[in-house]
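So that you can tell them apart, the chains are marked A, B, C, D, E, F, G and H in the order they are listed, and the count of residues begins at 1 in each.
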Amino acid sequence: MSEVIGNHIIHKYLRHNKKFPHVLCPGCGHGIALGALIRSVHCLGLEKDDVVIVAGIGCSGRLAVYVDFNTVHTTHGRALTFATGIKMAKPHLKVICLMGDGDALSIGGNHLIHAARRNIGITALVLNNNIYGMTGGQCSPTTPHGSFSMTSPYGQLEKGFDVAELARAAGANFVARGTSFHAQQLDKLLIQALQHPGFSMVEVVSPCHTQYGRKNKFKGAVDMYKWLKKSATPVERYAELDETGQKDRFPIGVFVDNDAPGLEEQYYALKEKMRGRKS
Amino acid sequence: MSEVIGNHIIHKYLRHNKKFPHVLCPGCGHGIALGALIRSVHCLGLEKDDVVIVAGIGCSGRLAVYVDFNTVHTTHGRALTFATGIKMAKPHLKVICLMGDGDALSIGGNHLIHAARRNIGITALVLNNNIYGMTGGQCSPTTPHGSFSMTSPYGQLEKGFDVAELARAAGANFVARGTSFHAQQLDKLLIQALQHPGFSMVEVVSPCHTQYGRKNKFKGAVDMYKWLKKSATPVERYAELDETGQKDRFPIGVFVDNDAPGLEEQYYALKEKMRGRKS
Amino acid sequence: MAKEKGNSKVTIYPDWCKGCGICVAFCPAKVIELDGQGKARVVREEDCIHCGFCELHCPDFAIVVTEIERCPK
Amino acid sequence: MAKEKGNSKVTIYPDWCKGCGICVAFCPAKVIELDGQGKARVVREEDCIHCGFCELHCPDFAIVVTEIERCPK
Amino acid sequence: MKQGVNLERFEIRLSGLGGQGIITLGRVLGAGLALGHGYQVTQTQSYGPEARGGSSRCDLVVSSGKISYPKAQSLDLLVALSQEACNAYYSFLKPGGILVLETDLVRQPPTNLYLGLPFTEMAASKVGIVQAMNTIVLGAISYLLPFVEQRIMRSSLQSALPAKIRDVNTKAFNLGHREAKREFGEQPEIWKGKPEEREGSDI
Amino acid sequence: MKQGVNLERFEIRLSGLGGQGIITLGRVLGAGLALGHGYQVTQTQSYGPEARGGSSRCDLVVSSGKISYPKAQSLDLLVALSQEACNAYYSFLKPGGILVLETDLVRQPPTNLYLGLPFTEMAASKVGIVQAMNTIVLGAISYLLPFVEQRIMRSSLQSALPAKIRDVNTKAFNLGHREAKREFGEQPEIWKGKPEEREGSDI
Amino acid sequence: MAAGRKKKRKELFALGNEAVVEGALLAGCSFYGGYPITPSSEIMEVMAQRLPKNDNGVFLQMEDEIASMGAVIGASLAGCKAMTATSGPGFSLMQEHLGYACMVEAPLVLVNVMRGGPSTGLPTSPAQGDVQQARWGTHGDHSMIVLSASNVQECLEMTITAFNMAEKYRTPVVLLLDEITAHTREKITIPREDEYEVFNRVVPTMPPEWYKPFEETVRGVPPMPPIGSGYRFHVTGLTHDPNGFPTSRPEEVADLMERMFRKIDQFLPQVSLYEEYLCADADVCVVAYGSVARSAEYAVEQARERGVKAGLLKLKTLFPYPRAATEKVMGHARALVVPEMNMGQISREVKRVNNGRATVRALNRVDGQIITPSEILKAIMQV
Amino acid sequence: MAAGRKKKRKELFALGNEAVVEGALLAGCSFYGGYPITPSSEIMEVMAQRLPKNDNGVFLQMEDEIASMGAVIGASLAGCKAMTATSGPGFSLMQEHLGYACMVEAPLVLVNVMRGGPSTGLPTSPAQGDVQQARWGTHGDHSMIVLSASNVQECLEMTITAFNMAEKYRTPVVLLLDEITAHTREKITIPREDEYEVFNRVVPTMPPEWYKPFEETVRGVPPMPPIGSGYRFHVTGLTHDPNGFPTSRPEEVADLMERMFRKIDQFLPQVSLYEEYLCADADVCVVAYGSVARSAEYAVEQARERGVKAGLLKLKTLFPYPRAATEKVMGHARALVVPEMNMGQISREVKRVNNGRATVRALNRVDGQIITPSEILKAIMQV
């Protein structure tokens, strides 16, 4: 992917019978992530018919309707369960889940760790804006300790998940983190994830100025992207930093990269074996 | 705890108006774990009135009814949610959750990781027998790859969770693993867990001969305890083993030991602070 | 833990014993055996070294081991 | 990526632009500004170095940057 | 808390962009009418995706009697502080209803029958903070609505605000009232009495 | 698949310990009666905690006509292969019903009216595998029940089993039948004809 | 209630959702556990501000609706007056625990702000599609108290009532609002302390050894101590005996079930809340609840102006269905009009009770729009 | 159906739960996703053995019931005939997704084996407490097809019927069994291929550009292609327009809702399955379903022997409630007896339909025991 894939390509993947611009707020990181997803599908030369986007409920989930793939907008937190059914039934399809941080990690946390454990061949995008965007700014399981939201008016007392770490511990084959500021790296991470067997998860740190930024001293969308630029640090460099260096930064890049066969591969191999036995 | 605490002490904690022996199968590891729990409560000198056992549904959950504490037998997978409500409402109570592997990790997996993240002051016992005992031997999220159950008649294709690892990644303050064969160590682990602030989890590997052993070449209950004796290895020693040495073994002991204040402590401190402000 | 032989009294409540055999299999002094009804029975009490294993591992709390000479405190 | 100035055409579809200001803030060549209606407008197209940033980061796919001389392949 | 004018049912929509303080404006206006003037008031607003994408809307129904249907459908007054809002809601204005615009932000009014002021610019240049724009609008509306008493609405506004921004908002309110009086002319005739009954209309 | 005897409703309970193969016994017996002999049969069994703690129970209702109520409540035949089972279910036996015991495992029969064999010991010593005990019981029951044809039940058993354990189980079946014939004497009189109607009883 | 001057009542310009919080705090609510969902989220948000400031208030955001109900029940067992709020999808998720609360007799209040359904449906539009669900959504037969409110002041009042009934009958109470009622701001008046009743659950007064947690009592409601107060007992969702121990003995199960139905049924008159408006001589009676009752009231007035003797039976209790009140209006009304923002859920109850006496005309709408006064008026004029 | 000799029918001695699996496989089920729970687990366990051996069968154990329904809906959208099975607590957890399946019109079969409730209740005892829940358990108004079976052979047959209805009407179908029916072994006869109908969903036959996934059709049921077959479209639980795109425009919402109700209502006669037994001249008619219908049949025979003209209306469809059939028997029966293992859930429907014509006597039991023939007989003799 040496060349920038421009929006004239993106436009070919958008639904022509949908109204644009989309419903998301000005400057919402989710739109940028969607661009990255489309570019990575394009780069891999996947057929639109073979791509299934399974989305949860949230601003993030709202993206699905705009792209000209097979799109399923499911229920809050459960996208991975629908995706699992689809993938097991039709293993040749590229099944991609689009979820928010609340979606994937609060109500949907169990499905995430089980999809990872099962190693089902799905690529999960967690668009992490550290907040419930859609419902108006309540805290999510990634809202940082001390920060403010509609349901933590005196500062969040709980700590947030390290999403990548959780996916790793649960058994995911491929785990990475990018941001919607680092769009080109995000393209690469998504391409890797989509090519992986088994379960792959990419966390995309994606700012929500409207619901998170506003309450936490960010002046506007641009301000949040500046923060991303400053604090997101390649994992290799991050590992070399001492504690003070790591403070106020977070690592991006690839954290887990295994090649165990996906559940659907194993299952269909079993069927094949049993068929062999029968005949 | 230099002296063995005998069953004459245990008997004082059992409900005299309940029928014994309990409903569990001969040789079920869960009974041994219950003994350890009672001993650790006894050693810490806790008042019966101050102890709350919140149990899920499963053979493991059935234990609660036999002990003379405040006991709440909840719904399948959700014990931690009830316990969270109780602990936040009455922070001085010792709240202990008794859950099975299916209970805590399959249907209840999300509550486990959230209780860990939240660091709520609860001690969670996960009685892990690698199977759904109560419902007749279907696979659980800890059923090892390749083993047999009523729902994996051709061998389990999925891999099992590393429960301790998952709890750690989710943010638990204290994480340990014991077995019902290593009862004395279990007492010690439980005592440590009960003394810890915040969320502590002890996984107890606890054999189910009836539903797991039978289908996986264990000749009887005793056979399973022999297997535990052989394969459970203190974490320090385990760490020193090479890959072949680690194969067929698993580590027991303390994996995480942090001291972050529990959510309830933080919450009541906040209230205190705000009250200060008011007056 | 008393380690001397002959000091211990091993009581098994047959009503609570389910005959799982754990105490039988792991007692270091072979003090216990299963009887014809499949219940644990103390057969060599004098060999008991009061290691506590059987008491700690009986899933049904059916065994109590005490010292013979003095009352348990 | 063309790095030479003056070779690029920067098109912004005002209908899709929501005026978030990302392209304005991060364009290395200061090609874009927000107009009175709060929409992005190309003001120094000739300075564009075709770095692609604006295209990749417009959350609304409102910007297209092409090379002037030849048709995009 | 006597009601100056007997109102059957009067519908107001305040609309514009997120961040303009539309909802606060509606709440203060509503509280002033309900608690200060003693009218029955129902106030509703836009939620969900509607409330994102930068748009904002707040409706009030004001009446002397009980309000059967709390949402606005046929507007007596539409305040539009952005072009999108104006386009979206102009058609809900009832015949003879009044349209109030932010003249800098609504460059293409859908009709030439409107009242307008450059509220944002006024806030920036005359009050010194753009955020006070909504209070200027409140002042202007308070002038326009014959059933609003300036004094009551002003004190209602004051009691809704924290001390440190009270003065500047009072100033903004007065400015809005004054400028509206100068620019808008007479209060609309049709509102003066009891609005005609709208029997059978789908309220 | 003609039915040899006309049955109104005949209730059997097989009970004992987990691991004795009670459920399999019931299924084979039920299949033999339903598919082989052409009776209406309903078979139910214990589930849940009941089925743990080592106990096991399997009921059959056999009838020539439709079975209205599929669970057993008033037993014509109780087979008890453990003391606990015998204690628990003896009271469900109807007056005149027959009790069959495992004489080594039921040391304290609740009555002296019973038929017994040391099935486990027989399996161990005469068949060579303890697991075949349930098949011996099947053979014995097949003798006892006047509406069972030995030949049909045996072939029903055989078709239910994988080839490699077929022979040993046939042997066990025959053993049970033979020993029952020798030990139990005549088939119970009361079962020979159509059992009396039990009108109004709470079936 | 001193002889001195009464305090002035506080007035607020508040959302229906905010009024719920006011009511809950007046009733003594000290625990909120929830998960946000439109159009109920403001209840949670205001609780997040208020409860930490309260003496013993606990606010907790849980990971989902299932967890929310779990926490609420836990807190209830620990002695709190506890509540949660949600909307359609979350209400569906709460059903298992709603049944658990019935079974262990844990008092709690669950506010469901109805939006368009089924499924994600119309998240920001009003509906009344969850009425029968509120009664039947959990598995297994059970009793359920379901209340509603039709304007902002009633949101406050009915929340107090919900807490009182929950505590009095040891049962979960569902308060159904619709999006309109919840998202409308109106003036509300906060009652003075002497103007509303607060009922607190009955706690045991015998020594712990004599206490049986699920024993029969005159009211059918056993006293309930908070966990940790010296009364140690077992709580389970299995059918249980008076000690709380699991049982499947038919007599014991029957006793339990019978008591649980009876403890509510025997107080039917107290539990059945409704308002009659111009009902006394009505030929045509509208039966309505929630925001539709507002439209109905107006329509009834208009019908009277046109010479039709119309009346309104406004239901505040939806279940147990106010049978007696309905029968009473059917004593003279020849026709009943039942307007609902669903395909006919309360009209089923009306028809069941009706037993052929009057003509029952259901007026239904499921497009996310409120039923207007003129639609109801038309129906009144037609029947 | 060649002229040659017909194959002998296969006979099995099988559990009700096993018969469900036989029926499902005959109907073409190729996907099972589930979570074990007593007393439904055998359905899952037998599926675990059978599906991996089938040509295209997929078996999946999910982490809970919510996930199970998610996977089943996903598989249905991907073109599978898909099913799950559960019992009470799991059924409550499946409600949100049941509503989603309604909304996106995903055909699927959900078997709920009823046990004693509410809550954990009586896990191994029979009950019929989830009947109204099956109709109303999910939020938002919707249609729902609910079937039942009263013996093991019917378990097989009604499972086939459930799949056929699901595919024909593009809707989830709930099959309600009770613990007795599920856990009884009886002889079943596997029908020959020419003895039962299998309906496969209608797939679009126009070029993809012309396909509108939620468009009006004569039957009200739009054709449904499997995901990945060239017809790309949007599926959402939000109210949607014919293209599947979210909409809140009242007209579009009304069109959608109206079609979703109509697609089932207009086929009421086909959907209403029941059996009449000695009904033609019955004075007293028992209305029953599930295992209770077995007792009822016997009781009716006994009553006839005693000279009472009794009959049995055995319901196989519970919802949409077979109104016409009930009205027909009420044409001559002066009394209806409705025995149920709940506090009266179908008797509510009978009363609603009855409209004052006949005496309706509910006979209820909630102690985990079946209702016996003699109890029903007594009720018949009394009314």
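Note that in this section a residue touches a chain if its C-beta (ideal position, glycine included) is under 8 Å from a C-beta of that chain, and two chains touch if they have at least 3 such contacts.
Since the structure is predicted, the reported quantities are computational estimates derived from the model, not experimental observations.
S.K.: Which is the least count of steps on a path of touching chains running from chain B to chain H?
M.R.: 1
S.K.: What chain pair has the highest count of contacting C-beta pairs?
M.R.: G-H
S.K.: When the centre of a chain is set as the mean of its C-alpha atoms, what distance in Å lies between chain C and chain E?
M.R.: 86
S.K.: Could you work out how far the Cα centre of chain A sits from that of chain G, in whole Å?
M.R.: 40
S.K.: Counting in whole Å, what is the centre-to-centre distance of chain A and chain F, each centre being its mean C-alpha position?
M.R.: 61
S.K.: I need the residues of chain H touching at least two other chains; which ones are they?
M.R.: Only 38, 52, 63-64, 66, 89, 96, 100, 119-120, 123-124, 236-238 qualify.
S.K.: So which stretches of chain F touch two or more other chains?
M.R.: In chain F, 48-49, 53-54 touch at least two other chains.
S.K.: Mark out which residues of chain D touch at least two other chains, giving numbers and ranges.
M.R.: 18
S.K.: Report the residues of chain G in contact with chain E in the complex, numbered from low to high.
M.R.: Chain G residues touching chain E: 11-13, 38-39, 123-124, 180, 183-187, 291, 294-295, 297-299, 370, 372-374.
S.K.: Write out the stretch or stretches of chain A touching chain D in their complex.
M.R.: My answer: residues 3-4, 6-8, 10-11, 14, 20-22, 24-32, 35-36, 180-181, 183-184, 220-222, 225-226.
S.K.: If you look only at chain C, which of its residues touch chain B in the complex?
M.R.: Within the complex, chain C touches chain B at residues 1, 15-22, 24-26, 50, 52, 55-66, 72.
S.K.: Given the complex with chain H, which residues does chain A contribute to the contact?
M.R.: Residues in contact with chain H: 15, 17-18, 48-50, 52, 54, 64-65, 68-75, 78, 80-90, 92-93, 110-111, 114, 267, 270-271, 274, 278.
S.K.: Per the contact definition, I'd like the list of chain G residues that touch chain H in the complex.
M.R.: So the residues of chain G touching chain H come out as 66, 88-89, 91-93, 95-96, 99-100, 102-104, 114, 116-125, 127, 129-130, 132-133, 135-142, 236-239, 248, 250-251, 253-254, 257, 261, 342-343, 345, 348, 351-352, 354-357, 366-369.
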